[in-house]
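Two complexes, one shared chain (subunit A), two partners (subunit B, subunit C).
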Partner chain A sequence: MHRDRALALTRLECAELENVFALLLVGSFIGFPAPPSFIALELMPLMEKELAIFGRRAYDSKDMLGELLGVMGVD
Partner chain B sequence: MVSSTLIVFLGALIYLVLYFTYGKKIERDVVRASDESPTPSQRLYDGVDFVPAHKAVLFGHHFASIAGAGPLVGPAMAICWGWLPGLLWVWLGNIFIGSIHDYLALMASVRYDGKSVQFVASDLISKRTGRSFYYLVFFLLVLVVAAFSNVIGTMFVKNPAIGSASIFMTIAALIFGVILYRLKWNLTLSTIIGIVFMIISIWLGPKLPIPLSYETWMVIFFFYIIIAAAIPVNVLLQPRDYLNSFLLYFGIAIGFLAAFFTFRGMEIPVWSSFSPVLLGNQPTPFWPAIPLVIACGALSGFHSLVASGTSSKQLAKESDGLFVGYGGMFTEGMLSTTIIVAIGGFGFSVIQTEAAKAAYNLTLNADNWGALYTTTTNALKLSPPNMIVESFAAMTAASFLSFIPTAIVKVIAGLWISAFALTTLDTTNRLARYCLTEMLLPAKEKMGGLFSTLTNRWVASIIPAFIGIYLAWSKQFSILWPSFSAANQLIASIALMTGAVYVAKKLQSRFSVIAVAPAWFLWVTVTCGIVWFMAIVMPPSIAKSPGTGWILQIIMAVMLILNILFIVDFVKSRKS
Partner chain C sequence: MRVIFFAGKGGVGKSTIAAASAWQLASEFRVRLVSLDPAHNLGDIFRRQVGKGGVWLSDHLLVEEVDLKERTKVYLDREMSLLKETYSYLQVLDLDRYFSLLQYSPGIEEYCLLLAMEESIRSSEKFDYVMFDTPPTGLTLRFLALPSITLSWIERLVVIRRRILEKRETISKISRVAGEVEYREDGIMRRLVELKERHEKMLKLLNSENCGVVLVFNPDPLSVKEAMRLLEGLKTIGLRVNLCLQNKVRAEDGEIAQRTEKEITPYVPEGTKFFRVKWENGISQDTNYPLYELKTDLITPLLASGERS
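And now, the complex of A and B:
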């Protein structure tokens, strides 16, 4: 059961990498100088779910403390 | 004579009965949990953050996140009052405060789309209350570094085998990580190899002890904390967490079995005095000082953040909440009960053995327990973690598990504490960096240069590590631990008040007193405890070591101000 916590840490890192990937792809829409806009446009229809998660995470970015403590655990 | 078996049995029985009576009443009449309302894991399912989990799996995840070195060390200190007061605080505090705190934080978050208790506090009480979490958590992290480094440092000095076993375990975790992630071996095979390495580490510890001074360990911890925070989680943190899981459940199994089957009477007094010599070597009144001594076994503010940070996003249905939030806290209470039983049943024999070894003139007895316990254990270098290790080994040797060599049991018990504490040290800097960034955000516009310097990855890591290790350097455990507990209990107080406001305002339950009364009791107790600590304990400690003393005094003063501001906002929010 404790393994779930270890797994959660990997998930968190994976989620962060996915965020970076999503940012690379759609960064140009929010003013990031990201060159591959055409790739982003091509991949857009396939990334509906990721973009929805991306949007929600952006909305929740001010409420990360609990999640960080939940994953990393200090006690 | 009350036996260890009876206490463990009674503890389990009380928790079980109250779970099905008091707990169920809270679920039904206060929170009004209903499986008709979909939880965030169903409503907002995304396959990543919001995923419904089986309640047993979620319980395991939640319990592993809330269990740490805290519920072990606090009860070991409280033994100074005799074994009963600490036990009663663990049981009653857990039932009437801690479990309600965890459960309400979880359920309020579930009803708030999985938002954290910090967000709920911002919404229900005030924005200022929400922001105060960053400051409290940051102070808490600094104090965690200080208190936990001291805990493991004193343990490694007293028993160098535990220090070497911890180093071997760290190497084992690194190798396990390489096998699993770089070489991509099968998980089962990697796990078997990891466990074999872990067993070798435990066996090798007593063979190759590493006797280093306390100061050397502190320097090692300082660099370790900074390096551990900078490397990816799958190199050290995650593999060690995985291997620790086996150690955790093995340790708990040995502890429960040994405590239950020793049939041993309590050899330390039931009760010593209301104000034994404890914190800062000052007479320490049970009330209001007890939450500064026992935090996590009875109540912990961290739990509210864990419950509302991740557990609430995975709760499959509302009726699972009681098992996960309320039941998780009860299990932690049983963990603390086992420690009290181990020290209560074997602590005095341990002291006698150590006194004989050191040719120390032992005058400690049942009549002067409260007055001499702290002085005696300090003289014998039996800090609370050392008392746990020695008593745990003595308890195991007195049970049917006596076939396990005592030296090995000591290493297992020590590793149990150090593994939890080291994992915590791994993570504190990552969390502190986040808090520091949020705390300094208002200064970003006016002092952009300072902001970017202080929030730089390395600078932000060094700040809490340096302050924490500097504090630990003074070896003033008896003021470091209560400061850590105070920060923890302040967060708990705010979280419980938030839960109480949620119940009273949003649910308008006529049984809201079940949440409001303990919230007020806790706030008053913790506030009085901090004022007493700052006024009575700190002045002599400041005179003894001014650097550590003043830093702690300033941290406590800021926390006290935040606590007062919070109650003002709380009263205002109730009126509105």
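And now, the complex of A and C:
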């Protein structure tokens, strides 16, 4: 039980970091300062997973609180 | 091997000075002269078709013109085919159109310039001098600043990436579920490290003693102002200026030439050499005058300014 929760929490943290990583690379789309575009270009072929998370996070963003509570085990 | 950049405002005569220097140096050394300026005129100066792969003007002198448009296209085509493999399901989105726009994306031109410069230097083991005729000031400063900007971005990305990998490892350790992938080999991290090493190498070269700028300007206020801006930019980048060369100085310009040098002096490190190239009448009158055959001896100031092989 505890192990499951620790796992879920770490997974969430990891997904969050992956989201941030993708956001840093393609942030120029939403007005973030962006790295030289060729860095993004060179990493993009390897970033399918991160981009998928990135997209999902954007989609889920209206229910962030729900997700957080879910991870913390609050019903 | 030594690397020299010829920089200055458009029209001051950087290409001509670069060509003349290369021509003169080639009597003693093996010289490669590369034009990075999208508006090439080395071919016009030497009155030869340069074309792909460059042209040998003597046993010791290779002249090349980098085709930036072609290079950008080749680079983007390669990246595009890689991306298409990964994101083939996105083809409905018309990736081609997106990529044709990418060539206008800020930074791509600079990056391709940097790649061209890197390639020229890397393949120049057999040369004593690699000389670059540079594009307009703004573009030159941006592409020369690229390695250090890139490095600071990569460093940040590496920190985040490392944390992601640590988390992934923790997850796979806790779960130990079949099917959970172990993330020891991470493609993104490997790519980041590759990029980092490449840019570190470039930065080290640009900041080394073997690399320097010959600043070209005229006794006129506009080119001097631009020279100052260029010098400030170069200081930030960490590139050393080896020689300040005042070109097109007419006989009656003595006073102005002196004032100009005085204005520039505060912007260069103490001991930086100044040199004047006199206006040669023949150039403007005779259309068949070989522009690269300047009467002024350029070897002496170049060697004296620390460009000794």
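To be clear about the criterion, the second predicted complex is superposed on the first by the 71 of 75 C-alpha atoms of A that agree within 3 Å, B and C clash if a C-alpha of one lies under 4 Å from a C-alpha of the other, contacts with A are read in each partner's own complex, and residues count from 1 in each chain.
Following the convention adopted for this analysis, a contact is a pair of C-beta atoms (placed from the backbone, for glycine too) under 8 Å apart; a residue touches a chain by one contact, two chains touch by 3 or more.
Bear in mind the structure is a predicted one, so any value in this text is a computation, not a measurement.
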Query: Will subunit C clash with subunit B on subunit A after the two structures are superposed, or do they fit?
result: fit
- request: Kindly classify A:Glu67 by the partners it touches after superposition: subunit B alone (first), subunit C alone (second), both, or neither?
  value: first
Task: For A:Glu13, select first, second, both or neither according to whether it touches subunit B, subunit C, the two together, or no partner.
output: both
Message: A:Gly55 in the overlay: touching subunit B, subunit C, both, or neither? Say first, second, both or neither.
response: neither
Message: Contact-wise, after the overlay, does A:Leu24 reach subunit B, subunit C, both or neither (first, second, both, neither)?
response: second
Which of subunit B and subunit C A:Leu43 touches, first, second, both or neither: second
Statement: Expressed to the nearest 10°, the angle that the Cα centres of subunit B and subunit C make at the Cα centre of subunit A is 160
Statement: Overlay on A puts the nearest Cα atoms of subunit B and subunit C apart, in Å, by 8
Statement: Going through subunit A, the residues touched by subunit B and also by subunit C turn out to be 3, 6, 10-11, 13
Field: subunit A to subunit B touching residues, read off their complex
entry: 1-6, 8-13, 15, 49, 52-53, 56-57, 60, 62-75
Statement: Listed in rising order, the residues of subunit B that touch subunit A in the complex are 44, 46-49, 56-57, 59-61, 63-71, 109, 115-119, 133-134, 137, 140-141, 144, 232-234, 237-239, 241-242, 244-245, 248-249, 296, 300, 302-303, 305-311, 420, 423-424, 427-428, 430-431, 434-435, 438
Query: Can you name the residues of subunit A that touch subunit C in the complex?
result: 3, 6-7, 10-11, 13-14, 17-18, 20-21, 24-25, 35-39, 41-48, 50
- prompt: Mind pulling up the subunit C residues that touch subunit A in the complex?
  reply: 79, 82-83, 85-87, 102, 105-108, 110-111, 146, 149-150, 153-154, 156-157, 160-161, 163-164, 167-168, 170-171, 174-175, 187-188, 191-192, 195
